[in-house]
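What follows is a single structure, and I will ask about it in a moment.
Should a chain be cited, it is by its letter among A, B, C, D, E, F, G and H, assigned in written order, with residues numbered from 1 in that chain.
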C-alpha cells in the first residue's frame, strides 16, 4: 500500500505521479501513441520484442515515446521462465532501462498467465537488479511469493486480456490489495473508465490499460478519459467515502413538508 | 557460408554483421542484433565478423500491452 | 439524447457545461457547500423547503450557493401531486427560478418515489412554465408519459436514496436512455465515482450526487472526484469504446518470442 | 387574537406580519411567509395586517438532495 | 408471506402444493403441454385469448390441460385497463374460472407492463370477484396499491419477458417481498432453474416460468428441472441458511495437521 | 466432461449417481450426519484427520457414515505437499480407501489453496494409485497441469471457504469446464441451492457442499434442498436451455387482443 | 346482409350465429362467440338470429404466458 | 522412560503401544497409531514394544469439509 501523505507511486527508484500505465499494442497507427501519452499524462508504457522480418516498415516504436515516459518492456511470447529471462536481458541491454513486465503464457486459448513460471522468472530477474512487475492470475498465495521473490509490484488481471469485462476477479484482487506489502497494479481486462475508477476506489495503486484506449474510435480522448477516471477513483479512495448501505436514508429532511 | 538467421538457415557471403544486416535490406534504426546469443551494439556491427555456423538474431521492439 | 457535436446539456433555456448535479443535504457543515461547488464545478444544486422552527440558526442556505449555480428546489416532503405543486409554486415565488425537482414519496421505508403522483404533478407544473425534473422509479412506460406531460428530463434512480449501491437498476435505466426523447439524469444511489462514470458511459446525460459527496470524510475532494468521473464517463461515451468480448485477444503479437 | 402559525394555534397581539415574525424571534434573512396560502414578499410584511383566524406559514430553504 | 407451518400457497379459495406456475406459450407443439404439466407437477398454467382466423387448426388448447390444473387466462394484447377488463370477463364467461393474470402493455419494444392501467383493471376486476394476479414492474408503491385494490397476489417481473436474464430487478423484488401482505410471484425473465431457486430463497411465494421451459430442447425435462429448483429454493428458505460472510471460515479444524 | 448418454459421474472405478458431494465439518451434532446423507442421497463425504487429545469424546465419526457412501479424506492442515502426502498415506492405511481430497493452504487469512504445492502432492499421490481430487484456486493453467499429473478431477473453489458467496469465480470456472479433460467439481463457497444449480447449469460435473448444509437451522432439509438443486441444474444442462437474450420476446401472441 | 365479423365487414346470408360459424368453416370445438359484445353460449348459437349490422367476434384460447 | 507423544515429551512406564494408549485413557475405537512414522494396525498394538526416545502419534478422523 502506498504512503498516503505524499501521494506518489514509487517503483524502483522512479516516482510516478500518474497511476495510469498504458501500452503500445493494437493502435490503428503508431501516430496515436505520442498524443495519447500527452492526453493521458501516463508516465509508463509497455512495449514488446520480436524478431524482425523484412516486410515490416523499419521505423522504431521507441521514437514515438517521449524520454520522460518510463519504458516497460514485456516478455510476451515467453512460454517459460527461461524465455522471459532472456527477453528481459535483451531489452535491458538494448537500452530500455531495467523495468520489466513479466508475462509468461502457456494457455493459448484465454491467454491467462502461468503463475509458477512467472514466479521463477521474477526470482531470477529481481536478483539481477530488474524492477520486476509480474502479470499474474489473482492468487493471494502467489502474490506473497512474488513479494518474497523481490517483485516491485504485482499485476493481477481484472479479466482476460482484451475482453473489456473489467474487474471479474474483484474479490480476489481485493484480498491481494488488503494483504500486499508491495503496490498492486490491475492489468488486463479493463475496458471502461468506470472499471479503472472502481479498481482505484478499492485501493489499487495503479492500473494498466492498453486495448480499451488503442481500439476506441478516438484513442486520444479515450486516454484522457482513463486519466480522469484513475484520478477520480484515487481521490475517492483518499476521501474515504461511506460504504454501501442496506437501508435508504433521505438526503432531505424526513418531515413531511407541512407536517411535524 | 551457412548461418542461422532468426531460426532459418541462409546462405550469405557477408563477412560482418553490418554486411548481413544490409544484405537483408533491413532499416537499422530499430534493430537489435544477437550473435550467438550475445547482444552486439550497433556501433560494433561493422567490426563484428561472422563465420560459418553462426547464429544471428535480428530483433526489434514492437507494439505490445 | 444530447447533440454530440457541441457537447452541452440544455435544460429549459439554460446550458450546462457540467453534467454533475449536486445537492445541499447531509453536509456536516454548510461551510463545505461553496468550496465543494468550486471543486466540482457543478452548475446545478438541489435545496429543500421546510417550516422554520425558532430553534434553527437563521442563516440562509442560499447564501452558500454562488449566483452562477442554478438552484434546483426539490419537493421533498410531498406525499401527493398537490403538495408537490404547492411547494414548487412557493419556491418559484420565493425567487428560486423555475427549475423544480419533483419528488413525491409515500413509501416511508425505502423512500422510493410514487411514479403516478409524480406524473400528475409534472403535467400541472410543466403547463405553468416550470422546467420540471421528475425523480422516478426507472419505468420505461412512465418515462414516456413524463415526456408527453412536458418534463424537461427524467431522473430515474440508480438505487434507493443514500444507499451508495450504484446502478442496481441498470438494465431499466439503459432501456430508458435508449428510448427517451429528453435527457436522462441518474439520481439517487450513486455512491462512488466509478458508478457515476458507469452511468455516463451508458449514455446518461447527467447524474445527481448528494449523499456520497456530503458524507465523505473530505467533501471537497469527493466533489472533485465525481467531477472527474463524470467527465471520464462522458468522454468514454463520446469516444465509443469497444464492447465486452467473450474471447481474449492479445495486446502483444501472438507469435512466440522466438517462434514463427 | 388567535392565529394559526405553522400548523399550531397561537395567541398573538401583533397587527402586522412583520410584528409576528419578530415576536417569534426569527432571523428574517432566510424567511418565506405565506398568509392564508398566499406568498407575501418581505418588503410587504410591515404593511401586511393579520387578523383573528389567519393562517400563517413561515418557511425557509434547507439542505436537501 | 405464506404461513410456514403448513406450507401451501393459497390464492382465492384454491390451495397450491406446487409453487411453480407455467404457461402455454411458445411450445414447438401443443403435445408437449400435458407431459410437461405431469413432469413439473405445476397446478396453474396461463392461456391467452385471441380472434380466430380460419387458417388455424381448430383444436382446443384447453383440451391439453388436465382438469386438476387451474387455468390462468392472461389479458395479453390489452393496452388499456378497459381492454383487460373485457378480456377477463370473456374468459370467465367462457368457463375458464375466475383467476385472471392482468397484463397491460403499451411499450411494444421491451414489452414492459403499464403499472397504472394494471392498477385500474385490478380495482374493477377484484370488485367483480376475480382472483386477480397483476403482472407488474417491480415497484413497492404500486405493489401496495395493488393490495389495497384487492389483488390476490402481485407478480413483479424478474427481467423483460423472454430474455432469460433472471432476477435483474432483485433488489426491488426483495423490498416487495419484505413488505407485501399478499403473496409475491416472480413472473417473466426466469430462464434457468438456478434463477427460480434464487427467487424462492429470497422468499418469493411462487414463480411463473413459460419461455425457458417451452423453448428448451426438452420441455419435459426442463419442466421437471424447474419443479426441483423451486422446491430446492423453498426448502432453503424454510431451513433458513446462513448469510453471506466476508471472512472465510474453515470447514475442517484450523489446527495444522501435526501442529497444536 | 461426463459422457451424456448414461449420465453417471465416474471417478476412479466408482460410479456416482449423485452429483452432490458433502462434508462432515461444522455440524452442531454428529447425529445430523446420517440422516443428512439419507435426505441428500450424497454418495461421497469428506472427513479430516487430526491428533487426538484426551479431552475429546472418543466416538468414531466414521461410524456415522453408511458403508455405501465413499469416504473422501481431506489433507486439511497440510501446509506443504509433503504433509499432504503423509496425511493421504495414513488415511489410506487406516482403511479409508484410496480417494483423497488434496488441500494445501498457507494463506491462514482467507484459507485459499496453494496451487503449486497442491500440484506437487497430486503428482506423487496419483503415482501411488490414489484417486486424487485436488482443491484449487480456479486457474486454467494449473487445471491442465493437474490433469497431466494424474488428478481424477479438479475442484476449483467458487468463493472462499465458508463465505456462502457462491460462484464469485464463475468466469474462471467456466473456462476450466470448457477445456478440462477430467470432471470439474465446484468446491467451497456454495451457500445456496441456487448457486449449486448455477454451477451445474454451466456444466460442472458435481459440487461439494459442507458449510451451507451443516450450519443451516435444519441440516436435513438443507441437504435435501441441495440434492434437488443439483438435479435441477444438471437437468437444465442436459435439456440445453436457451441463452440470455438482449431483446424481449412475447410469450403470448403479439397481436393486440382485438387488433390485426 | 352486411355484418362485422372480427373487425371486418363481410357479406353473409346466414340467419343464425351457428350458420355464420359453419359458413366460416371453423371448428366449433374451441370457439367463443360474442354477438354485439355479449357472449353467447354454444348451445344457444343455433337459436341466435343475426341481422344486418350486427357485430360478431369469434375468439378462442391460444398459447400464452 | 521418555517418549515423544503427539509432539510432547512424556514420561511413561508402558512397554507396549497398547499400554501407552490405555495409559492415556483414550477410547481405542477411533484411534490410529504411528510408531516412529510407521502406521501400526490396532491388532498389533499389544505386541508392539516401545522404547526410550520413540515417537508416537495417536490420530483420529474428525469432521472436515
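Keep this in mind: contacts are C-beta pairs under 8 Å (C-beta built on N, C-alpha and C of every residue); 3 or more make two chains touch, one makes a residue touch a chain.
Note that the structure is predicted; figures quoted are calculated from it, not measured.
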Least hop count linking chain C to chain F through chains in contact: 2
Shortest walk length in steps over touching chains, chain B through to chain G: 3
Which of F-H and E-H has more C-beta contact pairs: F-H
Longest centre-to-centre distance from chain A, chain (CA-based): G
Computed distance of Cα centres, chain D from chain C, in Å: 34
Approximate Å spacing (C-alpha centroids) for the pair chain A, chain G: 72
Centroid distance [mean C-alpha coordinates] between chain F and chain A, Å: 34
Per-residue multi-chain contacts in chain F, two or more chains: 23, 25-26, 48-51, 74, 76, 109-110, 112, 160-161, 165, 210-211, 250-253, 258-260
Two or more partner chains touched - positions in chain G: 7, 57, 62-65
Which chain pairs touch, all of them: A-B, A-C, A-D, A-F, B-C, C-D, C-E, E-F, E-G, E-H, F-G, F-H
Chain E - residues contacting chain G, complex: 23-27, 30, 46-54, 56-63, 73-74, 76, 90, 93-94, 96, 161, 188, 208, 210-211, 214
In the complex with chain E, residue positions of chain F that touch it: 23, 25-26, 48-51, 74-79, 83, 86-87, 103, 108-112, 160-165, 191-195, 197-198, 201, 210-212, 214-219, 221-222, 224-229, 231-233, 235-236, 238-253, 255-260
Chain E-touching residues of chain G, taken from the complex the two chains share: 6-7, 24-32, 34, 39, 57-65
Chain F residues touching chain A - in the complex, by the definition given at the top: 106-107, 109-110, 112-116, 137, 139-142, 144, 159-160, 165, 168-169, 171-172, 175, 179
Chain C partner contacts - residues on chain B that touch it in the complex: 7, 57, 62-65
